[in-house]
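Both of the next two complexes hold chain A, though its partner changes from chain B to chain C.
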Partner chain A sequence: MIIKGGIVYDPANGIYGEEMDLFVDQGRMAEQAKGEEIDARGLLVMPGGVDAHSHIAGKKVNTGRIMRPDDSRQGTQSRTSVCRPSTGYTVPNCYAMGYRYARMGYTTAFEAATPILEARHTHEELAEIPIIDKGALTLFGSNWQVMECVRDKDLSKLAAYVAWGLRAARGYGVKIVNPGGGEAWGFGGNVKGINDTVPGFDVTPAEIIRGLAKANEMLHLPHSIHLHFNNLGKPGNYTTAIETLDLLRDIKPSRMRQIVHVTHMQFSAYGGTSWRDFESKAPVIADYFNNHNHATMDMGQLLFGSATTMTADAPLEYGNARLTHNKWSNHDIELEESSGVVPMTYFRKMLVNAVQWAIGLELALLVKDPWKILMTTDSPNGSPFVNYPEVITLLMSKPKRDAEMATLHEQVPKRTTLAGIERELDWTDIAIMTRAAPARILGLQDKGHLGTGADGDVTVYNLRPEEVDASQDHALVKKALANALYTIKGGVVVSKEGQILATPPGRTFWVDAAVPPADADRLMLDLEDKFAKYYSIQLSNYAVQDAYLPHAKAIRAGLPVEPLPEVA
Partner chain B sequence: MSEATLIKDAVCSFCGCLCDDIDVEVEGGKVQRVKHACRLGSSKIMGHGRIESPMIRKEGVLVACSFQEAYDRAAQILLMANKPLMYGWASTSCEAGKKGILLAEEVGAVFDTTATVCHGPSVIGIEEKGLPGATLGQVKNRADTIVFWGCNPAEAHPRHSLRYSSNACGRFTPQGRKGRKIIVVDVRETRTAKNADKFISITPGCDYEVISALRMLVAGKGDNVPEEVGGVSKADLADLAATLKAAKFGAVFFGLGITHSRGRYKNIDNALSLVAELNQHSKFVIMPMRGHYNVGGIGQVLAWSSGYPMSVDFARGMPYFNPGETAACDLLARGDTDAAMVIAADAVSNFPRTTAQALAKIPVIQIDPYENPTTLLSEVVIPCAIAGVEAEGTAYRMDGLALRLRKMVDSGFPSDEEILIGILESVQKQRLLKANEEA
Partner chain C sequence: MRTITITPREEFRISVEAENISSDKFASLNIEQIKSLAVWQGNRQKALSDLFAIEGDDAPATAEEITIRLLGDFSSVKRIAEGMTAGLVEVQGSVGMHAGNNMKGGLLSITGDADDWLAREMRGGKVVVMGDAGNYVGSGYRGEKCGMRGGEIEIKGSAGAYVGEHLCGGSISIGGNAGDFPGAANQGGTIFIGGSTYLPGAEMSKGAITVKGEAKVLPSFQKMEIVQIDGVDFQKYAGDLVDNGKGELLVGVGSS
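What follows is the complex of A and B.
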């Protein structure tokens, strides 16, 4: 395939809007190729989009669907000769997940939170999502085995467990959500700060986070720890954010990347002592990121309208449900986690919501280096991912932001700095925040760029970057981003002008990390005991079987020794 | 192949407990012994009378035929129907369910599960209020207070109490049964009630009132509660409310006694609210006691495929869900369906009588390992391998946990999944033929 004459943004390879031809051969970017010609003359061309944090599969998402028939009724589209039917807005069915990402020019998305015990379910759904490549981050933050290794200061056993857990879950990376809080929620409690003791385990969130960060680096995992802070969603929580980030400054990365990826930063950049004097602390957070290089973040932008909040931060969800009197689902996972789901509507005239909206944008505009901040909505927590074009145009257009601000609660300019921010992002920034940076942060070498050998994932938007002024013509830009002219996945045109043309199955990435056999042996003694006494299923039925990953792509990590023998 | 093999940690595919610690001895291609399962589970795994051959009804009599003939006839029935119903799915794998949904999309069928006649009201209650739940291991490790409401696990889920609830020992519950308070609320003193610390006998049809009274007492508004509610004295209710509030970790398990008494989904709605409110005082979770082993799983598959967990109408080419309209019983009662496929369920025995009679008036395709009353009125009968014994696949436990079913022995029968693929291919072939003829 030849993609001719596009204006290419490939920041990972130092290409910032150059006219050039691209070649895809056997699914990969190549120096030369023959075959189908795509006319992209003068049009915006980028690598396929990469979403490093989105809730797309598993028990929480399906719970959202089951408790929200009102949501499933939206966005319904018939079956076609190519497509299965689509339903849902904040919690689309599996098919719609794939089609909607593809229409926007995205070719990769990572599910943000899977308990090991329920990973089989996650993979059942991931396998049903067509077109896009995917992976799932694995939850470790309230896990008994993790907390016991941390308490015993047995780092090598902890690393062995992380490797084992990733393998059992067929997971991609270490996700930590409100560490310790999920365990405390087992008896209806929570942890209040990073130095609070987790009831019954004699460890603190700070120790859990540091322990997992060190284990992560011992294992040379492609991704860093992926962290949802304690106290997320609470006024005044920016201090917890800074305290937590400071914890990790001295840890040495094992690869060319961050030590910690902070997810949906918007929800953790809050000032004030209550919802009454609630205000933005985005400038403080942005300053911190501008002055330190060990952390990256994603926005977690909130948009007005319907959302479904879903997180392993179960106490937060109970709080959300009490606050909004909305329906509430909770799901505790034995020995590992807890989680909750609550539908939500965000209002322009509600001061808290309006300030939250501004904070996400402040973060993205105040952090100077676009490699440090990804564009996300923590879909569907802040807003479903189909609204990414809205977020991107807000970042690219000061007039659009001003027009929006005029419709919001009048206190917003006092509680945030957004009104005074003149910066407008350009296509290079956007290409980094939606392609190059998420791929680099996740450690996906063949994604997010167009160099030879990279995956043949290319998006052509019906926009002329040399002519269109994104600041003024933001409506035009938004429309073009919503439906790419061409989305090419592995050298196949999967979507053209919003119409799905092909639905190849995507691959699922997971990380297979090797550890010293002696550590694995010590670990197994612990695990055998846990399964005999505490788990409600047998050890031999625990790990996700290969049948659930029909298109698996294992990435090796860990020690340069033979990988662990297959678990069960 | 006479050498005995031992299959360890197999999953029992009978009830929603999905016990996964079953040891099975196989010799000469047959299951010889089953260890750890309860009598319900072992009788299923040991096997019993099977339908021996596919059959098509000719002049009123079921006559043996080939599988392909049966697939073709089934496809023909589905293609001729305006709105076929595809019902059952509770006792087969998710993999079969997936193929079934694809077939339903293809022929524009209504896809419904046995939930419609068991925990359907629970699903609607969850749509109203959400479900504060947990995995069963969480109950085992933490629960000091357990309420069984309108369910009788001693008979229906025999290993539930030992593995997951009343008698299970865990990290924070080392004493097992001794360290727990077990409360049973029911209209009669069941075997489960006999083993409880407290049995609350309520007047049939009064679940809603009793839950409402408990909610008031929990909220400290006991002054407004009358001296007796639903056959229970206020003093007993106040006691119960106090016990629930004092729990460190409480769990409510509920069954058809509450989903099928007066009030139905409103009862569940009310119970979910009670549990949500209890969380302001103590930790509390609630869970339906799902009967058939994979009725939960098919709900999950249907939800991720269509957005809805039951009663989905694909006749318009897109999923449509409106309980009361698209549920199997409503459809049959109104005479709105003109053919049915019944798979992995016995519709005739499960449906109300008038609904079952409606089934007798339309062509029925049955897919099942066993003969049952549905067989008697079926037009096409297709025997299948038993999922979880003779075929692999996935099932979801009552708490939503997915487990892999093993294949223990070979069978000469195709799996449900293979049968559905056979019918789907026949549908596509017959469509093509017709299109070619017309051209």
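What follows is the complex of A and C.
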């Protein structure tokens, strides 16, 4: 396949809006190729989009679907000769997940949180999501085995467990959600800060986070720890954010990447002492990221309208349910986590929601280096992912932001700095935040760029970047981003002008990390004991079998066979 | 005034989805175009004129100026007058499920009975039923937090269970009895029931429910004073206290 004459943005390879031809051969980017020609003359061309944090599969999403038949009937579409039927808006069915990402030009999305015990369900759904490549992060933050290893300061056993857990869950990386809080919630409590003790375990969230970060680096995992802070969603929580980030400054990365990826930062950049004096602390957070290089984040942008909050932060969901009087699902995941789901509507005229909206944008605009911040909505917690074009146009257009601000609660300019921010992101920034950076942060070498050998995932948007002024013509830009002219996945045109043309199955990435057999043996003694005493299922039935990953792509990690390149 | 008359050609053994029978859909169309509007019968798509005889004024008119007369048995025809904003739909007979769904204005009048989900999630306008209505009159559909938000529903006969479930506004009046749980999770609408009912206002947080006949009242309602309305004594209750509710429930004195 030849993609002719596009204006290409491939920041990972230092290409910032150059007119060039691209070649895809046997599903990969190549120097030369023959075959189908795609006319992209003068049009915006980028690598396929990569979403590093989105709730697309598994028990939480499905609980959302069960709780929300009202959501199911939004956005229904009949089947076509190519597509199965679509349903849902905030919690779409599996098929719609794939189609909707593909229409926007995305070719990869990672499910953000799966407990090992429920990983089989996650993979059943991932296998049904068409087109896009995917992976699932595995929850470790309130896990008994993790906390025992941390308490015993047995780092090698902890690393062995992380490797075993990733293998059992066919997971991609270490997700930590409100560490220790999931366990405390089993007793109706929570941890109130990073130095609070987790009931029954004599460890603190700080120790859990540091332990897992070190284990993550011992194992040379492609992704860093992926962290949802303690105290998320509470006024004044920015101090917890800074304290937690400071914990990790001295840890040495094992690969060319961050030590910690902070997810949905918007929910952790809050000032004030209560919802009454609630205000943005995004400038403080952005300053921290501008002055430190060990952490990256994603926005977790909130948009007005319908959302479904779902997280392993169960005490937070209890708070949400009490606050909104809405439906609430609460779930205990044995020795591993707790979780919750609550439908939510965000209102323009509600000051708290309007400030939250502004905080996400402030973060993205105040962090100077786009490689440090990804564009996400923590879908569907802040808003479903189909609204990414809205977020991108807000970042690219000051007039659009001003017009939106005029419709919000009048206190917003006093509680946030958004009104004074002139910066408008350009296509290079957007290509980094939605393609190059998520791929690099996740450690996906063949994603997010168009260099030779990369996956043949290319998006052509019906926009002329050299003619269109994204600041003024934001409506045009939004329309073009919502339905890519061509979405090419592995050298196949999967979507054209919003019409799905082909539905190849995507691959599922997972990380297979090797550990010393002696550590694994010590670990197994612990696990056999736990399964005999506490788990509701047998150890032999626990791990996800290969049959659940029909298109698996294992990435090797663990003790390096050959020395890794030295990290600067 | 533009009048269009629609008569079923047969007795439908398989139900028909006819959301296209509404003054808004007819407004800009001439009779030939109306005849070719799509309806589904079971899993088959058909033209409106395949199933119904249609006659009336040919010239398009605004929705307000349209009167649609439905003559005959429409009890297997669903979604009549769905989303209507203005005009008049007059049914000389009974209608099937989901009549007046999401109505925003205009008048839907039914001389016979209405089936389940009458005027669910209605926003405005008026629905009058001379006979009885099924379950879920003016309520929210599955999972929805807000049912009817505005407008008026008047049922001369009796209604089934869950009248005005998740009611957020507007008013519903039932001449006869209502089934179980009228006004469940009421958040601000008013319901009047001329006859008797069972367990009204469960989980109501706002709004008012008046029952003229007998009603079994939930124990989570607090008994207040006796009030007199038009010379009739009513026992007043406040609740539902399980939801910290500030709703008002009036039940005719003489009932338990």
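We take it that the second predicted complex is superposed on the first by the 559 of 568 C-alpha atoms of A that agree within 3 Å, B and C clash if a C-alpha of one lies under 4 Å from a C-alpha of the other, contacts with A are read in each partner's own complex, and residues count from 1 in each chain.
In this section, contacts are C-beta pairs under 8 Å (C-beta built on N, C-alpha and C of every residue); 3 or more make two chains touch, one makes a residue touch a chain.
As the structure is a computational prediction, the values presented were derived from the model and not from experiment.
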item	value
Contacts of A:Glu128 with chain B and chain C, given as first, second, both or neither	first
First, second, both or neither for A:Gln545, with chain B first and chain C second	first
Which of chain B and chain C A:Pro399 touches, first, second, both or neither	neither
First (chain B), second (chain C), both or neither touched by A:Gly451	neither
Chain A residues touched - chain C or chain B, whichever exceeds	B
First, second, both or neither for A:Pro517, with chain B first and chain C second	neither
Chain B versus chain C as contact partner of A:Pro69, first or second or both or neither	both
Residues of chain A that lie at the interface with chain B and also at the interface with chain C	67-69, 71-73
Residue ranges of chain A in contact with chain C within the complex	67-73, 325-326, 343
Chain A-touching residues of chain C, taken from the complex the two chains share	140-145, 205, 243
Chain A residues touching chain B - in the complex, by the definition given at the top	57, 59, 61-63, 65-69, 71-73, 76-79, 84-88, 91-95, 117-118, 120-121, 124-125, 128, 144, 185-188, 200, 318, 321-322, 327-335, 338, 341-342, 533-538, 540-541, 545, 547
Chain A contact footprint on chain B (complex, rising order)	8-9, 11, 20-21, 94, 98, 105, 123, 126-138, 140-142, 163-164, 169-172, 248-249, 276, 279-280, 282-283, 285, 299-301, 303-309, 314, 316-319, 321, 392, 394, 396, 400-404
